[in-house]
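Scroll down for the structure; my scribbles are underneath it.
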Amino acid sequence: MGDYSAETISHIDRDYIADLLKRGERVDGRKFDMYRPLEIELNPVAAKAEGSAIVRLGGTTVIAGVKVLVGEPYSDNPNEGVVMVTAELAPIASPLFELGPPRENAIELARVVDRGVRESETIDVKQLCIEEGKRVYMVFADVYTLEYDGNLIDASSMAVNAALLTTEYDEMKVEDKDVVATGKKLKLPVQNMAIEHTVSKIGDHIVIDPVLKEEFVQDCRLTMAIDDSEKFTALQKGGGSGPMPMSQIDEAMDIALARSKEIRKAIRDAVASGSE
Amino acid sequence: MGDYSAETISHIDRDYIADLLKRGERVDGRKFDMYRPLEIELNPVAAKAEGSAIVRLGGTTVIAGVKVLVGEPYSDNPNEGVVMVTAELAPIASPLFELGPPRENAIELARVVDRGVRESETIDVKQLCIEEGKRVYMVFADVYTLEYDGNLIDASSMAVNAALLTTEYDEMKVEDKDVVATGKKLKLPVQNMAIEHTVSKIGDHIVIDPVLKEEFVQDCRLTMAIDDSEKFTALQKGGGSGPMPMSQIDEAMDIALARSKEIRKAIRDAVASGSE
Amino acid sequence: MGDYSAETISHIDRDYIADLLKRGERVDGRKFDMYRPLEIELNPVAAKAEGSAIVRLGGTTVIAGVKVLVGEPYSDNPNEGVVMVTAELAPIASPLFELGPPRENAIELARVVDRGVRESETIDVKQLCIEEGKRVYMVFADVYTLEYDGNLIDASSMAVNAALLTTEYDEMKVEDKDVVATGKKLKLPVQNMAIEHTVSKIGDHIVIDPVLKEEFVQDCRLTMAIDDSEKFTALQKGGGSGPMPMSQIDEAMDIALARSKEIRKAIRDAVASGSE
Amino acid sequence: MSPDDKPDNLINAEGLRVDGRRPDELRPVEMKVGVLKQADGSASIRQGNTYILAAVYGPRELHPRHLTLNDRAYLRVVYRMATFSVPDRKRPAPSRREREISMVIANALEPALFLEEFPRAVVDVFIQVIQADGGTRCASINAASLALADAGIPMRTLVPSVAVGKAQGTLLLDLGDAEDKYGEGDIPLATLPPQDDITLLQQDGHFTKEELLEAIEMGVTACKYMHELQKEALKQAYAKRRPADDAEVDDEDDDDYEDDLETDLGESDLEEE
Amino acid sequence: MSPDDKPDNLINAEGLRVDGRRPDELRPVEMKVGVLKQADGSASIRQGNTYILAAVYGPRELHPRHLTLNDRAYLRVVYRMATFSVPDRKRPAPSRREREISMVIANALEPALFLEEFPRAVVDVFIQVIQADGGTRCASINAASLALADAGIPMRTLVPSVAVGKAQGTLLLDLGDAEDKYGEGDIPLATLPPQDDITLLQQDGHFTKEELLEAIEMGVTACKYMHELQKEALKQAYAKRRPADDAEVDDEDDDDYEDDLETDLGESDLEEE
Amino acid sequence: MSPDDKPDNLINAEGLRVDGRRPDELRPVEMKVGVLKQADGSASIRQGNTYILAAVYGPRELHPRHLTLNDRAYLRVVYRMATFSVPDRKRPAPSRREREISMVIANALEPALFLEEFPRAVVDVFIQVIQADGGTRCASINAASLALADAGIPMRTLVPSVAVGKAQGTLLLDLGDAEDKYGEGDIPLATLPPQDDITLLQQDGHFTKEELLEAIEMGVTACKYMHELQKEALKQAYAKRRPADDAEVDDEDDDDYEDDLETDLGESDLEEE
């Protein structure tokens, strides 16, 4: 996710990309503030997962699946359900990903995507309570990277949100201390949706939705989660240690705000057409 | 368990063993369809384990110990007890075994021996229920390899079965929500016994109960679990990636069927004489 | 903790220290039976831990913090609370300490300090029961090494004891199956205090409270826990494999007994002045 | 989350199965080659509701070094199930079951490969189960074979794999979930065409020797059909990319699907842990 | 163990916070340099009830070797919380939260260091949180900067860090525990003086763009003040050790504390897991 | 699974223990050498119900390399209990208790070995507790010594080990389970004959200095007896293999067992975790 530079990319690439940017161009011909083509496939895991979505953002592909289980609430929030996001950089997705327990990049990806869902209060967790203090719904949204060509955070955020929007699960009730299905299906109480938007800082330039080659040469990235009311619900500077001046942060926010409507609409449209 | 070949055995050994087989002979003088001498020692852990047995199959020695504990049933089988088999390739047993968490060979050994017990429904798990949905007996049969000279699967299978047959445990009952011993001893409800029989394919030849030298040069092995009614309850091809033609599979089954009676009898006799 | 010798200290140092000892001197000018200056800082974690103490013994510094939680008792002691001591050789404390899971030295430190508390029955665990078989207080005393210049065991033992003596926690009661605070504060029921005293054997000499340089060249160390009634409640020979003759063990015991009063007094005084 | 209902009969009065198939009828199979652009080779397979991706990386340098083999490439197979691929959420860490299946898949594939051409290297086969509805290890082998061919790893043949099960005394191809759970046994196998030697063979349940041999024969025959499907999938991929060049694999006639085979082949997972 | 009581108001009628501070007022800060004798460099920081130690070892040889960078030293930051530093006992093993924070702290510090002077080596920064009462990542950066300087690692500048939060619609510096838990968001940041470029930036809660920019500006200004405190701490340490020699850092006048800044700066942890 | 009953008295009116032994009487001890054919050396010990196997491999190449010592062989001791060796099932993963005991056993054995003859190599001592009924660390040392001798590792002496405990104020040799659980303390020790310097010393319980010294003396004397048993076991093993050659060990007269010693020696585990 951006820190392979010294080892994996030559100075020629670095100069080439910098030169392009100076001329207002990007390696794949996009404008600085444009996303790559976005495809959303709903419910690829229809038979087993309560919700799922594949997101293809240019050459990057991720899949998110949602499982809804019954479990115990945390003792400090006895009447709230639990929502948890994890992410795996599966080695299937890139020669750069490795086998073994999750490393810092995978941990950051999971935590940043989770923060986007948690801080925006995407799910109304109070509606996930079955019996206070005893039984609540636990919502697990797990992301697997399938093809890695940059900007995993945004693709993962889109996939998680699409999967949550499509999730249908069995309503459960308590009967003589046992938890049984009522036979009714429920949709998740999605009350807000924060989409994460990542820009890459490369020298004096700010580009949105970086491809892998841009991540290799970036100084750093800035991820911004923007919710239904255009509020920022999470920021994360990462992907390198390059410092950012205030002016670039301001510019990054404007790009993200401008693009958030189209991404939000694309997800909503896909879900709407999927449930027709 | 058979995949040390390239690194640990010379071509001379390989040719030597192949030549012998061509002449109808094996490295230790046995016939192709003969087991090595079998010794079964019952209850070597009489003071601490509910059941135990040491099996010596030629130069291979394993010990199996059984613990019977009280635990919760799985939610999908609330009135059934739990039977679990594990196996460890303890480094005490061979210069080839290593310290550290279990590797593929140990995992396969444990899973194959477990499958033999599970698929044959050796134990009637419905009789292991104390209080439905709350408390059941949990039976752990753990195998440790003590001397490794080939064919761990068969030796382990024999040891586990012998240990299960000798197991005696405290009858428990529920009294005011506590589980207390009644003072009575129970035997495990063994309703069927599947013994695993492993043959080694070396070129055009099939030999049963391979020694380590034969495992080094084998193409693959085929393990067959055969139960009281001479049904096959588990197969596992492993120990190398060499393919097997149908004709050899047929031959292997015949050898295993022919030998299963004597092995079964040896275990039953040992247990019978031990409980006199 | 004493086994870095071959790799980290030259023979010159070894000879130098041995020569000094022959002349009745130590590297830092102390007498053989003297502790380094001892400083005890109480409650450095006053806002978050129920008890805590920093102990500075010459150049060695450790911090112990106590957390008191509510949990379930062990089934074989349903009316007793739980006391547990852990220790971490945090890499902050020495270039000799490493990142990663605890190694043998850290495990020994934790187990020896724990044994000192457990065997002396420092805490009356019967007074830590809230509801028999259901809820008890669990006391965790965790030690972190901050500066390592030898004799971690004694410094850790002192810090744990001081932290336990200063611990105040919320009294809890069971109300309608929930555990709630009564609003009252309790002190831990400290009924006995065993302090650990470690001597280093270097050739024919026995010195107490070894510094790091002495640990590098020691044959072994002997740790003795001595309680309020001057009984020995734990011994541990470690820190090297050098054998000890009976005469040196006798001598070590005398040194420890002689010094235990002053160390005990220093801890009691610090706690007394801290609670004025 | 909802409890599965045990069907009254796995085979009805007409001899058809719970999903309407005949005993020797496969679920619909769809295989695609070259589906993951970052990998050196890749393929996907859908078989009923089972959905699996396979990617191949290599031959490449092997880490950690101590696994290096001096006389051939190390074939590293990693079979992993997505947490959401099963009714309950699978724990993210690899299970012992996944590690065993990785091993038997490697054994099934290895005899088809000329690994001796790449001493000291590794060929990585990563298999991701997206949705598990029975037969995942066989489907994985089918897809991994295609991914290896797509990566240009020299191969003697593609390796087809199917499973045969049993319910109410009848042999069934390609078990679905209910058949796997409530049936009487399952036999996954893989073969090396054209000799049809067996490279994967496992079994659970209860079978007489005669039943076993009959089941294996049934599976071997079904593998021939699966092999045709594999070749077709490969041909389609290469037809798209290089219209005039499909010499990559063998040149058998891929169009003569035997109709009586179309209803065959089956497999299902052995016990889950 | 006792339940925290949610205060009725985080800001009272007079505009003061629950601990009596004004919105733009820092908690008392005390930084000390050279507090751990075994380390090559060290520092402590107390900020309200938050208490943290930082030690630096290196440049030294890096193990394991495969992490080695050929063109610069590897900056390894390990942020760890003591089990007893939080209301409930933290598990001893490093959490994912601790690993993420280690990473963002490394990113915050690295641009200030001339790591290219020590190719193939490692510079270890070990951070131990003794007591956590909000703002631990910012306090860690403040202390780690001082420890790096104390270890003689060549630096462009010390890196100051503060956090800005929000409660009842008002921006607040340096959140305390209750403000963090019941407030409306938190923005930890770090800067590189004198240009004030930003090297750490995270956020949770809900902010409009205008609020965010205002908050970041507030934080950047507060970092300037924190930077003065850092330089003062370093000067004091060196004054003690080498009375006539304080040329180590820069030579700005450290005495012109701006009084209106004394009430500023804030930070608090993002969500705990 | 059944609850142990606490005996009313550990020593009865006649001064005998719960199993009928006198205070200074060992449980029956049986040691055998060369019991595991795959190992370079091996031995078993039964002491009451305690049953342990020890195997030695080496000197051989050491992995991982970073543990290599340049001036001597690395003595790696791994003490492991079988899951079924204790009343409750032990978890399969090595516990902290097992790791600490491995360390003290290594310390106890190392002074008896000429490890400097094998720089950079490893000597592996693997100890498997089959049944644990008190005194496992001492019994392990006794068996491991024999296994090392059987492997031909050059040794100054065999290392004997026993434990002394206390119940109702009386010192007892070789505690059984009930004595260990309900007694007043336990002191495992090991010695280096003939000087009888002490290489293992641990203790729990409550002892005055005088009691401790008396207990240690009792243990040292008992070690002399255990040493004779060890030599006898070795001699028997070699007598079988090489009838005319028992010069391997020392040539003391092994037959003069002192009868007053036959009733001595004891040990029991320190607390289990």
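Per-chain residue numbering starts at 1, and chain names A, B, C, D, E and F are given in the order in which the chains are listed.
The rule is short, and it goes like this: a contact is a pair of C-beta atoms (placed from the backbone, for glycine too) under 8 Å apart; a residue touches a chain by one contact, two chains touch by 3 or more.
Given the structure is predicted, the values throughout are model-derived calculations rather than measurements.
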| item | value |
| --- | --- |
| If a chain touches chain B and chain F alike, it appears here | none |
| Listed pair (C-F, A-D or A-E) duplicating the B-F contact set, over half by residue number | A-D |
| Rounded Å distance between chain D and chain F, as computed from the means of their C-alpha atoms | 54 |
| Length of the line joining the C-alpha centres of chain B and chain C, rounded to whole Å | 48 |
| Approximate Å spacing (C-alpha centroids) for the pair chain C, chain E | 32 |
| Residues of chain D whose C-beta touches two or more other chains | none |
| Contacts with 2+ other chains: residues of chain B | none |
| Category of the chain touch graph - line, ring, star, complete, other | ring |
| Successive chains along the ring, chain C then chain E then the rest | C, E, A, D, B, F |
| Of all residues in chain D, those that touch chain B in their complex | 69-72, 96-97, 99-100, 102-104, 106-111, 185, 187, 191-192, 195-209, 212-213, 216-217, 220, 270-271, 273 |
| In the complex with chain D, residue positions of chain B that touch it | 6-7, 102, 104, 107-108, 110-111, 115, 118-120, 220, 222, 227, 230-238, 240-246, 249-250, 253-254, 257 |
| In the complex with chain D, residue positions of chain A that touch it | 44-50, 52, 59, 61, 63, 65-70, 86, 88, 90-95, 99, 140, 142, 144, 146-149, 169-170, 172, 181 |
| Residues on chain D engaged by chain A in the complex (per definition of touch) | 1-3, 36-39, 49, 51, 53-55, 57, 60, 78, 80, 82-89, 92, 124, 126-128, 130-133 |
